[in-house]
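Chain IDs A, B, C and D follow the sequence of writing; residue 1 opens each chain.
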């Protein structure tokens, strides 16, 4: 009795919270709380075996699986608040309230006889009694669930497995690709300059200096630039210089073209 | 202890789970809400089991758990597979199967 | 021992169809085998008609009866009277001709030519079954089954808009079939209430059906048959189907299958619901006359020859329905004969235009001109086929048309006067088409039209010979038809019209 | 003769209906079927035989009608040897159709009327066949031409020999078909193809009358045979008789190019000239007259329909004559005169027993002289490279003496110059018309004057006057094979009048048409003949002073002319009327119905399909692909289920 009144409001609050919090990992934690509470309520209702199973299977296995997948997907990924389907949230709330109301009213209307209690059924111990049932009348269903579990395991493996669609590139392929990139796009051929070259500091966020003293953006991780740990635009002067150096061949050709233009004009 | 209270609690949890399924878009959270609904029904089963003095309700709850476990395994595998190809776990993104 | 002639005639092509479908894909074999089988079916059918059919007796002959579904009262029951026999013969005559005409039509379809000829044979077998069925349930099943081969023949081997045409045909026909199914179910209730379920025609004809029920059931049957026939305003599927189908398919569709509609009107509408038929006849007569004129006027306005012929058929079917529902001996016999003659004449017209179209890959009248100079035999056969369609005396359709008109005149002068305008309109649509394609200055493309080859002449000759022969000796068929028509009119309970001023024997020595 | 008188049924109006009571054919007469069968064989062999028969096709084609003519002559001799009342013989061939109480037999009826027609058709037909051997010598399709001519002769013979209106209808449409084929013989010309189609369709309009008449007969009498109808006719109401008479008149109008169905005849001149001579002058166009005379037993009971026949004849004879005046095309001028002359015959036929014999008489003489003139025109065209414009002729008499002479005989015959055949026949018709009423007589008399005028014009423009030949045209006389028929026809035109001598033809036709009735005239017949001759001479004189007498003929018809001339050139606006009243509204109707069929009738069918498709398309939109929407729907469904369950258990 005490357990119920102590836990029930908390469970409801936790469940509501689970629905409302934005971060999935918080939802998982709140769900874990609800489940543990449920386990307690099972225990309070003369179901010690289910109590154990609830703790072990649900809270222990299933929820851990959830958390594991959350890690995989991104722990701190949170839902955007904007609802994409028009009217969905309102309709869901209204329908949900109505549904809850009807269910509660229905339960309230029902006249239940006094609880019989499981004293008699659990005479030889709850686990023994359940086992008698499971391996007696329910043995077929039990066996079928085993088939179901195996199928599910297999299914999960199949789904998680990803086929390689292209042949795995060899060292030779990678090298050829790099040369091709250089020829086609002028992509830097050699290794990137390491951070901290000619610098006074060798931390990863310190860009290397080029021979002319300007910092090289190639030497630092892009994610550091993206995060703003180091400025993306290192120095205007340096950028200008590199641009001129790169364009020198181009500008020669351009000025030659201008000369011929004038010549033809005369 | 009156069965009614348990049933009411069960109904509330079930409803909250249902609303959660409807309003949340993150597939994993949706899944959690489904689990909440299953658990709510388990609670009702256990309560009825006690009310009637028979263990069949508990057996049923046990089966529900087994099936839920299988379902979670497959469901999460699907989520992972989808995430791998679409970089998203939102249920709304997987809406190609339509008119 | 009696020979089950009708079953053999119907099953032979069906078995042939199955065999053809299983044959290896050797295109050369399929048409030969199909032709052989259809000729064999013709021989069996004619042999049956000659040995066991007595033209003077009324009622069903060549009968076979086996219990089929006792709880429904459905029997496997076949038998023909003069009307049924005429149409069975029409089917048997036309199928070999069509197969010979479609020798290469199966090569370019969605499936192999085996499939084409298999469907053709299946259609023949089912059509024979429909015309021979004397059990309403069996008739209904076969009636719907005939849709399947035609659907695949149009959809698989047709022209540009074949899918549209095939689906339209199927849906409209199924709509009619649905109404008929309702009536068939209704008949069960009626016969069950009258002492045990039966679908046998002879038993049903004896049941006295309540007036309102009878009229409702009549409507179900009639609408289905009007769609099939096709009558205004449920005719629009036919031009589309004829335009999309190969010529052979169009012939089987218009010359054989559509006859099921008018055949059904005689056999089921008149035979089972005499009171309702008389009740509905004024409306039906009006619709028929509208069909006659409407179809003819629309035919005049067509540029596509296949659509044109389809609309002429709407007009001709108007005549047939008119003859049936005026409930006079001339009308009934004329309509039955009309069904046969229209089958021949339209077949000839469809096939000869098909040959023309095949030469120039165009069905538009405006693309032709002056073909006669390059291909006189083609033009000549085209002209005879056309003249038969406009009911020139001396060709078989004239006899049936004048019989229908005389029968109509006795029942309703106004209807006859309007219907007879169809004769002028017929001359217009046929001669305009003939002039624009065959006459006039030769177009560059038309000048090199090759004339008909031996196979094509062999296809058209039997049709044209029959058309001329029956133009002068229609009594060959009328002798068979008359007793059946009289029996039907007895069942309806109308008395023969008598002349106002009869010629007495002593006046004409 | 006395027996015949018993069979005649006297009527209040003074007219009588003569029933057809034939005897079975026996002896030589049982070979009558050969008359029809021979040309039928010819047509079949020549049309189906193909190019194999090319070398001898024209000879075979000529032999068949000549054979028929011989059989016909033999039969004629047989009939001549019999008593008047035994001259109707019938040969039953087979039952055509028998349904209910209506039986139609395929039978031939040979009586004095059809006998004359058989001789005319086979005789003139044979001559024209022979002529065509020369005329069509250079045509690649000569064999086909002969096949179709034979087909025409067959059909025409069926028409006049049938003993049943249904059989007449067979021949009726058969000649229509043959005429269609022959007008369109040079179908590579658009004008020929169109003219052929027009002829067939206008004839079909007339055929409506024929088929309705057959229907009415079967409905009223239960038979459509001459014998049956004529026997039962006295018992029928006058309304029936009038309806029958008018329907048959409609049929006759179509075939005989009478107003209002005259428009096709002028266009029909597109066919080869022998066709114009045989079909559109001598035989087929007279079928309407045959039908009216043959149906004398119907018209005897309906003064209304008789009057209608007379009026139609009178109007046509004037219309044809006026059109004939304005045509420069020699064949069209002759076609106008054909219309006009057939108008005379219809006028006579409409008068009743007083005129039947003269209608047939004029029909025969007209067959001779008009065929001769048409063939002469053909000969002229043959000589001038198929030029038909009379303004391009002139002074051909020297180049073509035989043609000129024979044409001149025909000319004198048609204007009714004594003692040529036309004089006798036309004179009697005008006389009978005056006997019927002065208005008819005056009309016929004026027609005779106009005829004289325009025929003189044709004669002057073609054979007399100055040479107006085109460059490169060297007129020459036609070969013997063509001139021989011309000479024979000229002789017949000259002496054809002997048939009336001693009233032979009226007596011969009496078993069919009943005895001739005397009619009252306001002057003696001799004076009337004088008046007619004067009027004719007046017409000739006007023609001479307009076109002869040294006047120059313009190369092109003057454009600035009075309304009357314009109207005559436009065939008195017959085509314009047809176009305005039938063709254009018909085209509009077709267009409108095409729209209705496509957009409304088919639109309904397709619209139904579109409705189902559209609504399912809209319903499909509910499948958004969002799992949560589906889940919401499920929750709604669950709610409803729970509420329903509660509602059921709690109540």
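The definition used in the following text is that a residue touches a chain if its C-beta (ideal position, glycine included) is under 8 Å from a C-beta of that chain, and two chains touch if they have at least 3 such contacts.
Keep in mind that what you see is a predicted model, and the values were worked out from it rather than measured.
Relative to the centroid of every protein C-alpha atom shown, the closest chain centre, again from C-alpha atoms, is found for C.
Counting C-beta pairs in contact, the pair that comes out ahead of the other among A-D and C-D is C-D. Per-chain CA centroids place chain A at a distance of 99 Å from chain D. For the pair chain C and chain D, the distance between mean C-alpha positions equals 36 Å.
A separation of 65 Å divides the Cα centre of chain B from that of chain C. Here the CA centre of chain B is 96 Å from the CA centre of chain D. Shown for chain A are the residues that touch two or more other chains, namely 85, 88, 91-92, 95-96, 99, 103.
The residues of chain B that reach two or more other chains are 18, 22-23, 25, 92, listed in rising order. Interfaces, counted as pairs of touching chains, are A-B, A-D, B-D, C-D.
If you check the complex, the residues on chain B that touch chain A are 1-9, 11-20, 22-26, 28-29, 31-33, 35-36, 39, 42-43, 46-47, 49-56, 58-59, 61-63, 65-74, 76-81, 83-84, 89-90, 92.
Against chain A, the residues of chain D that register as touching in their complex are 624, 626, 628-629, 632, 635-636, 638-639, 642-643, 646, 650. Partner chain D is touched in their complex by these residues of chain A: 85, 88, 91-92, 95-96, 98-99, 102-103, 105-106, 109.
Residues 19, 21, 47, 50, 94-102, 106, 144, 166, 169-170, 172-174, 177, 180, 184, 187-190, 192-194, 196-197, 200-201, 204-205, 207-208, 211-212, 214-216, 218-223, 225, 227-229, 231-232, 235-236, 240, 589-591, 593-594, 597, 601-602, 604-605, 609 of chain D are the ones touching chain C in the complex.
If you check the complex, the residues on chain D that touch chain B are 620-621, 623-628, 631-632, 635.
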